[in-house]
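As structure tokens, the structure follows; a few thoughts come after it.
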Amino acid sequence: MPYFNKNYHPPGTPPGTLVEHVSGATGELSMRLIDYTDQEYLDQVVTDVEQCRPYLERDSISWIHFQGHTQAEVLRNIGELFGLHPLAMEDVMNSGQRPKVEEYEEQLFIIMAMPAEQDKPHLFEQVSIFMGKNYLISFHNGEHDPFDPLRKRLQKHGGRIRSLKSDYLLYGILDLVIDQGFPVLESFGERIEALEDELLDSPARSTLSEIHRLRRELLLLRRMLWPHRDVVNYLQRGDEPLISEDTLIYLRDCYDHSVQIMDLLENYRDMATSMLDVYLSSASYRLNEVMRVLTIIATIFIPLTFISGVYGMNFHNPDSPWAMPELGWYYGYPMVWGIMLLVVVGMLLYFKRKDCL
Amino acid sequence: MPYFNKNYHPPGTPPGTLVEHVSGATGELSMRLIDYTDQEYLDQVVTDVEQCRPYLERDSISWIHFQGHTQAEVLRNIGELFGLHPLAMEDVMNSGQRPKVEEYEEQLFIIMAMPAEQDKPHLFEQVSIFMGKNYLISFHNGEHDPFDPLRKRLQKHGGRIRSLKSDYLLYGILDLVIDQGFPVLESFGERIEALEDELLDSPARSTLSEIHRLRRELLLLRRMLWPHRDVVNYLQRGDEPLISEDTLIYLRDCYDHSVQIMDLLENYRDMATSMLDVYLSSASYRLNEVMRVLTIIATIFIPLTFISGVYGMNFHNPDSPWAMPELGWYYGYPMVWGIMLLVVVGMLLYFKRKDCL
Amino acid sequence: MPYFNKNYHPPGTPPGTLVEHVSGATGELSMRLIDYTDQEYLDQVVTDVEQCRPYLERDSISWIHFQGHTQAEVLRNIGELFGLHPLAMEDVMNSGQRPKVEEYEEQLFIIMAMPAEQDKPHLFEQVSIFMGKNYLISFHNGEHDPFDPLRKRLQKHGGRIRSLKSDYLLYGILDLVIDQGFPVLESFGERIEALEDELLDSPARSTLSEIHRLRRELLLLRRMLWPHRDVVNYLQRGDEPLISEDTLIYLRDCYDHSVQIMDLLENYRDMATSMLDVYLSSASYRLNEVMRVLTIIATIFIPLTFISGVYGMNFHNPDSPWAMPELGWYYGYPMVWGIMLLVVVGMLLYFKRKDCL
Amino acid sequence: MPYFNKNYHPPGTPPGTLVEHVSGATGELSMRLIDYTDQEYLDQVVTDVEQCRPYLERDSISWIHFQGHTQAEVLRNIGELFGLHPLAMEDVMNSGQRPKVEEYEEQLFIIMAMPAEQDKPHLFEQVSIFMGKNYLISFHNGEHDPFDPLRKRLQKHGGRIRSLKSDYLLYGILDLVIDQGFPVLESFGERIEALEDELLDSPARSTLSEIHRLRRELLLLRRMLWPHRDVVNYLQRGDEPLISEDTLIYLRDCYDHSVQIMDLLENYRDMATSMLDVYLSSASYRLNEVMRVLTIIATIFIPLTFISGVYGMNFHNPDSPWAMPELGWYYGYPMVWGIMLLVVVGMLLYFKRKDCL
Amino acid sequence: MPYFNKNYHPPGTPPGTLVEHVSGATGELSMRLIDYTDQEYLDQVVTDVEQCRPYLERDSISWIHFQGHTQAEVLRNIGELFGLHPLAMEDVMNSGQRPKVEEYEEQLFIIMAMPAEQDKPHLFEQVSIFMGKNYLISFHNGEHDPFDPLRKRLQKHGGRIRSLKSDYLLYGILDLVIDQGFPVLESFGERIEALEDELLDSPARSTLSEIHRLRRELLLLRRMLWPHRDVVNYLQRGDEPLISEDTLIYLRDCYDHSVQIMDLLENYRDMATSMLDVYLSSASYRLNEVMRVLTIIATIFIPLTFISGVYGMNFHNPDSPWAMPELGWYYGYPMVWGIMLLVVVGMLLYFKRKDCL
């Protein structure tokens, strides 16, 4: 996961330029048209954008979903058919955009960030949505189509989603994308708990880089999920003519979820910061323990070794009464052991009294 | 206490789906109906939701309390009888929600988080409240009914609570739930003080994990108690038709309490952060002390040991005047002791002057 | 100074319950009535609340001050006489409240926190004030009456304070309570300066706990003094009918003072945090110094000791030319000294060049 | 890159004083006039400001660009011709200004900061823009003219930029300057990733100063790029008569980019702070490892050395049975080896059990 | 520079009390009257306040400047002549006030903090300004009059400052005081750069206290300079009748400068915090280096010393084949050297492979 998403145009590129970036988008582009009213339901794979035109003129709700790598050519065709703004289309191409909502004349343009499955090179896949009065166009630059649960609900005759307009379909998509955050956060929560156990039990070198990596991913996650709150808040304020009163209450629920996710993320960040501090303190504590062992051993044996060294000296002038007379004493050797015992006991008592060792 | 509360629906679940989560809710569901006016007071255990219907049509205030594990089936029945919104009912089921207040057409829906007793697996129990003009429905997913003190006040003929409407009853519940924070904070305060004493007297390995655990619990507490302020603030603003002027002054008191609790929590967090710093500094200080002892002992005895080692050498060429002539000197041995004494005194003077040991 | 002020009611207590807490309040309750107009001035000790009644009916300003431990019974009598709200009276009893201002029908209710003298068990004493059109009731739960300077100004015939209404008296009290913060901050400033000197000269174990205690007290101070700003700001906004235009300009001065106090407190907190960092860095630096001494001594003498050890070995096979021939060399001993000298010089040069020792 | 940009006037200098600062501006001043309408396009190098006058009176859009070191004299002439305010001209001269937008009577004055290429002494070059109804004057105090991509778009007959007014040209410049942030951030992202690898693999002394330098540059970058957001936000609010409705949508895109840049910068700063913590923790961990090796070696061999020292003593009184009788024992020597082996095994078992070494 | 400015009144002092504080103010008080119109200019030293009266009644702009230690008596006289509010006069006396602007009936009262030259006991000198329709009174409690550049501009016939009212003079003073921040920040910038070099090259004990002192001074600076922004912002909002439209544009420039100064200060603070972290990390790194040297030396020589110690033992039972037979071996001595060589090579290989030493 690189820090910098390279999908940007060189400075000075005219606005609305559509260039395909290789990185980021994956898989072939597939088009799928769903057209429904209260009574009817149609679900078909489309190969040419033009096939959608007749459905647009009808009163039914048309949902066209593009899955995979968006080609500039196809996008241009779609843009012409639906009257999409070039700046919006540029954002669809340059995936990795910050989530946002923008109003165009008769459309809402929304970008959402969908947390990807864990082993992907990118942490996020981009979902781009154009919503008009009776149509909704969605792009998802990932490999797997995440909207199957929504389609199942659409198929069911008589469900709430069938009787309402495209704004409720929009809510359905937003809700699904935002709720995708919960399993991701769950896995982060488990990682944090595992790291904490490791940290307090047996912190290793790798724990440190693991914590650092966690912080980095939480930062990336926060950067992309934070704007979701603003997007939903903008929609639920009720100023938007394309959003009906009935849908507002559902968007409020959606808003709640994005607030919960941000709350959790903030907590996770705080815990990750705290873990670094604990790592450092824990290393310090262990160093103390190690040094105490060394110090006790060293301060006891170094004086003893000195004493034994003294009586290993070879002063031997037989005429001098000063030439290590102890060596000739009757009780010289036991006396030295006695002295050494005294030193050991004295040291131990001193350590005990100081309590610091 | 896990970081992540698992009571969430898989992404794409239709809004308003009621599914029972095993974790979180505890105990059997029991229903209790209290119906009162200024003059009358009725308190009975109910087994079927339908039994409540006649009381609703009267002018009296009906308080229906559900204690324990909420079943989807029962909730659906209640929802139909009282016209509860599916999204609200979903929040009642999925306990562990963030506290919030929501307006529905003729109802207020409020979620509060009640700090649980200490040995529970969850730090919080959820209290969900629906309030209408002359009724109040409350759910508490814990084991013990916390509202007995309120019932005692209701029984008392002539009390303020009997003469006022359901909004004052709502105030009573909110006040009780929020004030539950005080004993919890008291126990945290005691933990912090105990930890501080431990920290400054004899920091152990466990102190560190204890501080980390404290920070983590304070974060969780803060996440759930912070929104209480917003809930009460929303109600006391006076825009809400269901809240009478008389109750506003009491809600202001309630608001004060939640501000006091947040104030304390913030202080506790600051102290917990400071404790980690103190732990680290304290470990550093102790290491210094240990190293000073080691260094003094080592720097004094290592040179001495060297000297004694020198005169333990066995150069013995009898023809050479250079073969350790000191060993044969008359005062050789006392001289060596003299040299060693000089070294010790010199070292000690040096340490004293440097003042760093 | 405990973290948690225990003056709270058990959850579920009816609002407005008056219970005496033993802790916090000190001394006997004494009542003092001051009644003044531009011309007259009366100052008397009162034993029964009823004695105040005739003064209330006159046009003069009556200031009734209660000093010491408030009894529930007395408070209830006062409450009846002046029409005080039960919630406000509860706050008077439960000392340790957060400073605040509340409007009641014809009264302002204000709670202030007065920093206590240093050796008290509590950092704060509570000053509670009820102000009506021509009266002011004040409670102070400390031992010593702090309002003597104010009384002296009231006695002086012709002073500004005599010719103005109860709102100017209120200003006088607020000003006195807020300004009490200055000597407290002065003593904190001195403590910080003393700690800094200690920290940079000779950081001891106790310095650490001293810094921690300082941070803790600054947090408590901040928690109680911060709301003063809001209280004065609320009063000086000019929406309050009981506050006259003339007094507003004085309240602005009062507001300035509380802002200055908060400014200082924030600076003090920043310095206290910085001191912890400096303590840690300083301990690290000292450890470095100690370890450098140890390392120099050890790395010089350990090789020397090894060399002398070698020539202390007793290989003695007289037939072997390999059995420590050096021991028999003519210049063997001086040669060993030469080698050892070389080692020392080499080591010192290495250390010098590496510059790290 | 110094902390302080010295391009300020001594206090008390009259406002609007134009003094040339040597530092900051580079290269000779060159003037270039581009005049265009939907149909025509003129691009010429100008040597005298007066040459521009005839173009101003026509309805076409005139863009006069000054590249390089601005001379006070030239600026004064331009100021007279276009009626520029002295304060604005002062800001053009004193490069290193904070980005801002200011309204003058019939002009907008905008200052932008353009991140410079990496090896320059200054991190930023200043772009100053005056925009009137049908002209735009731009100053760039760098060496290389960055606006070539824009000129290429202007040359193309029929492009959007040719058919719109000076406000769209302004958008083009702002967009180009702001997008210049992307390559800079890309290089920062790469530096951070390289530093992280170094940090976790083999932190060296230089890593530390590298991190510090990174933080410092990020701070400078943030200080200069943050106000871009405010500049674009001010323009896109739609209150500005010189900005047409059509351009607003493009400015919104520009605003998005500056938000993305700030987002990234904040993330980078957080990562840089985290890296310092990781460095410290990593150093601590390595110290622990080193000390464990030392402690194991030392605690095993110091007692052994002591034992061998004991039997190197020379007690020799042939009459005393206490004079080191072990030395004469038949199995004395193997026994000593046995004791030493026991000590080693005991130590290793102890370390294994304590698990701390 | 003490933390606490002692120029405060004891709590309970009547508002508007004028008491001379010895500390803070320096030098004798001198009065200087400048009276000017478009045509005339008068500059004279005044000894009695009364001398100013005739100039006030004329239409000309009168600027009376008081330099040095303000005496209560003099201030009272000035107060009477110009109708100054006692609270404002108190603030003039009690120097060290927070910068602020206050509106009185026909006056603006402004307090600014002027950074003092470096060797002064106080970091700031106070500039107090009263501005009326055609007069301006300024007090500066420092030693040297800083307003000479302004006077020079006033003397010049035909300058902008001569033709405008007292509000432009006010701007001139504010601009001069605020711009005084630039040289101060320049010197701080140089101090930071010097400290950084010291920090990364050879951090010493004094570096630490230097950083701490820097942070402390930056905090003080920030506390006093931050409110300048609010002061100028208040004036430039355009609600103030005494400030003419023409001056607003100049105040906007002034506001820009104070924002730039705050920006720099914030950056400096961040760098100072970062430096403490770098100091700590750097100390850690150096400790690692030192410990690695010690550990390598110690772990190599301690085993060697042990080996030589073994063969220094004196087991001598001539009857025992176990009594150190190695000592008698033909190749015993070279063998021991061989073993020791093996140990050294083994250790070095181990260290190399572990790469941690």
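Letters A, B, C, D and E mark the chains as written, and numbering starts fresh at 1 in each.
Criterion: contacts are C-beta pairs under 8 Å (C-beta built on N, C-alpha and C of every residue); 3 or more make two chains touch, one makes a residue touch a chain.
The model shown is predicted, which means the values in this text are computed figures rather than measured ones.
A.B. asks: Quick check on the contact network: minimum steps from chain B to chain D?
C.D. replies: Tracing touching chains, the least step count from chain B to chain D comes to 2.
A.B. asks: State, to the nearest whole Å, the distance from the C-alpha centre of chain B to the C-alpha centre of chain C.
C.D. replies: That pair's centroid distance is 25 Å.
A.B. asks: What's the distance between the Cα centroids of chain C and chain D, rounded to whole Å?
C.D. replies: Comparing mean C-alpha positions, chain D is 40 Å from chain C.
A.B. asks: Where in chain D do residues touch two or more of the other chains?
C.D. replies: In chain D, the residues touching two or more other chains are 277, 280, 284, 287, 291, 294, 298, 302, 305, 309, 312-314, 324.
A.B. asks: Based on which chains are in contact, what kind of graph results: line, ring, star, complete or other?
C.D. replies: ring
A.B. asks: Record each chain of the ring in the order reached, setting off from chain A and passing chain B first.
C.D. replies: Moving from chain A on to chain B and continuing, the chains are A, B, C, E, D.
A.B. asks: Applying the document's contact rule, which stretches of chain D touch chain E when the two form their complex?
C.D. replies: The touching residues are 2-4, 6, 8-15, 85, 87, 97-98, 100, 102, 203, 205, 208-209, 211-212, 215-216, 219-220, 223, 276-277, 279-280, 283-284, 286-287, 289-291, 293-294, 297-298, 301-302, 304-305, 308-309, 311-314, 324, 326-334, 336.
A.B. asks: Which positions of chain A touch chain B when the two form their complex?
C.D. replies: 146-150, 153, 159-161, 175-177, 179-180, 182-183, 185-186, 188-190, 192-193, 196, 200, 249-250, 252-253, 256, 259-260, 263-264, 267-268, 270-271, 274-275, 277-278, 280-282, 284-285, 287-288, 291-292, 294-295, 298-299, 302-303, 305-306, 309-310, 312-317, 319-320, 322-324, 354, 356-357
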